[in-house]
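Structures given as structure tokens follow.
Shared chain: subunit A. Partners: subunit B in the first complex, subunit C in the second.
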Partner chain A sequence: MAARVIVVTSGKGGVGKTTTVANLGTGLALRQKKVVMIDTDIGLRNLDLLMGMENRICFDLINVAENECRSFRQALIKDKRVENLFLLPASQIKNKDALTAEQMVRIVDELKEEFDYILIDSPAGIESGFENAVAPATEAIVVTNPEVPAVRDADRIIGLLQAKKIYEPLLVLNRLRSDMVKKRDMLDVDDINDILAIKLLGVVPEDEQIIIATNKGEPVVFNQQSKAGEAFRNIVRRLEGEAVPFMSFNTEPGVFGRFWKMLHGR
Partner chain B sequence: MKLFRDDPSSKSQAVERLRLILVHDRAKVSTGLLELLRNEIINAISKYVEIDEDQMEIELNSSEAKAELVANIPVLKVRRALDN
Partner chain C sequence: MSFATKSLFSEQLVFKGLKQGLTLFIPEDKPFTHWLGVLDEQLERAKSFFRGGSILVELGERKLSPRELSELKAVLTKYQMTIKAFNPLAKKLFSARMKMDEPAPSGVLLVKGTVRNGQRLEHNGDIVVKGDVNPGGELIATGDIIVLGVLRGIAHAGVRGNVQAEIIALTLAPVQLRIAHIYSRAPEGMEVGQGPEIAHIKGETIVVERL
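On to the complex of A and B.
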């Protein structure tokens, strides 16, 4: 078994990287895949909170990197709800430079043999934390929001990933609001596709269930009623190679519709 | 195109702004893009005209509405057209 190693990154902060990792990790494990999620956001760890695992951390990524525990197994936290789902938490202490890219590559090499998927949650930015997160990855998911700054940073990140030979990063467009798209006050899926021109893995709507999920420490992908949960379940299936149709958010008229409106004075 | 310009929605403003921003971001980031372009242009047109490479200028300009690649290429000689 050699794991798929996927880094989830964005450039801009707060767009939904950690939310994406928690839900894809959980969703993949729900499909009987063996998954480990690595939080590389040193000093600002969050993934443990989204997973509801914060009280069970003994060792962290830095401890593993510095060989301060017997093996990575001691640091892995096992999920209590789903079989085969593990978290390697970030360190909350020390400075960000405590970790090196070489250490990340070594750790992931060891994990690779025992898992189907290794999902790496990258910190925001394009500095060493980003470099460390990307170093061991062979695939990447770029998360963005339908807003000018987030799309700009996504474009930059795509360039940096390609420079690191990850030529075909996949896009997750998060926090889309169909009401705003309808009023033409938000970039839609076509606009983003046009501008970034990379393969779309999924579109996740703005959904208050995500906040409720974070309150509980239980990823929204468990929630059968949630639209965002459904979006993440679809993304998981696409990652697994299924051709799943995209949920329709694009409620605005296409080119034809616009001409029609013009002809009829709307 | 007109259709687009007349669209005052904030989304179409976002699209237009992003297009311009990314032209500049990408040009800036890919080191030597202009240098590369310059060399390719010289290669392409040297078949037809002899140019003054030292005086050649190429730059990326932008205004509020558009970005444009401006090349100023002094021509020294035009090569004689081959018969036929």
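On to the complex of A and C.
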């Protein structure tokens, strides 16, 4: 068995990469998959917070990269709620130049045989942190928001991923608000598909449950009442190859003409 | 006015201030590569004087091969200098673009797939894109540009001054169009046209028409 190695990235910051990794990781583990999540956001780690694992960190990614612990297993934090879910946390103190792409490739190679999924949380930007996160990956999920700048950055990132031979990244559109889309105050799914033209893995609505979940350290996929939770569960199933119909957010895509203004943000 | 940088023994090339502008004379008596070496040394010594200048080059009867031309440009670029035109002494002042013996256009560049934000394609010839050109994507061609999809980025056709060049797209929604030396910004609030359109120069402006 060799793991699927998936990097979750976006270009623009704060669009929901870490939230996506936490929920997909948890969702996959809930389906009995063996999952490790790697936080590569050196100096700004927070995947451990979202997972409620902060107080259990002993070693981190840099320690592993520099062989400062006996084995990488020592650094993996095991989730207490779900079997087979692990986190390799980022280092909070070291600066971001402490890690190299070669080290990432080596670490992932060592983990590959033991897991079904390796999910890599990438930092924002297109610099070395992005390069490190992408280096070991063979698949990518691009997260974006329904806003012109986020979509522009996603487009840039898709081009960069393709240059690294990840030709078919998957798209997660996060924080969609159907009320705003209806009034044409927000780009809708069609607008974004038109531009990015990559396969849509899922649409996650804006949901205050995510904020509550984030603060509790308990990913929203656990929450059966939450729309966002349902969206992430669907994404997990699609990632596993199931054909799951897209949730309806009561939008009426494509009934209004598309205007120059929308596309160009002026 | 005529001047040469001071050096007693070494050979030098002459720069003269003609009415068309500062002109470099390259004699025909010795091989071109010889004079290139001389020029390099001479500019190295007088760096600050020439830096950033745009000059004319008088070649007399000498014809430059594309390779010689690019070598000359490379030396000048080293000192941030550019060529404004060639052979100002000839009856007609040839534009640098015309006389430069540009390499012949190398046919059509076919691009399969989307040209994305941050991607830039330059081609000596025509460009055809089987896909979209997204905002932040750029196409630059000496010839025509044809987009079999939506053009939302920047297209510059006829970049070396070809005013006949055209830009065609199935949907034309660019941020900016450029043909030869003419630029055009899309008017604010302009609605994206339905169906294929063609942009070309009429008079001194770029007009867009249904195909």
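Keep in mind that, in the parts below, the second predicted complex is superposed on the first by the 251 of 266 C-alpha atoms of A that agree within 3 Å, B and C clash if a C-alpha of one lies under 4 Å from a C-alpha of the other, contacts with A are read in each partner's own complex, and residues count from 1 in each chain.
What we mean here is this: contacts are C-beta pairs under 8 Å (C-beta built on N, C-alpha and C of every residue); 3 or more make two chains touch, one makes a residue touch a chain.
Remember, it's a predicted structure, so these values are computed and weren't measured experimentally.
When both complexes are overlaid on chain A, the residue A:A197 reaches subunit C alone and has no touch with subunit B. With both structures placed on the common chain, the touch criterion links A:C58 to neither subunit B nor subunit C.
In the superposed model, A:I212 lies in contact with neither subunit B nor subunit C. Once the two complexes are overlaid on the shared chain, A:R156 sits against subunit B and subunit C alike. Taken together, the two structures place residues 152, 155-156, 159, 194-195, 258 of subunit A in contact with subunit B in one case and with subunit C in the other. Across the complex, subunit A meets subunit B through its residues 147-148, 151-152, 155-156, 159, 181, 183-188, 191, 194-195, 258, 262. Per the touch definition, subunit C reaches subunit A in the complex via residues 114, 116-119, 131-132, 134-136, 150, 152, 173, 175, 186, 188-192. Considering their complex, residues 3, 7, 9-12, 14-15, 17-19, 21-22, 25-26, 29-30 of subunit B touch subunit A. Considering their complex, residues 152-153, 155-156, 158-160, 162, 194-195, 197, 257-261, 263-264, 266 of subunit A touch subunit C.
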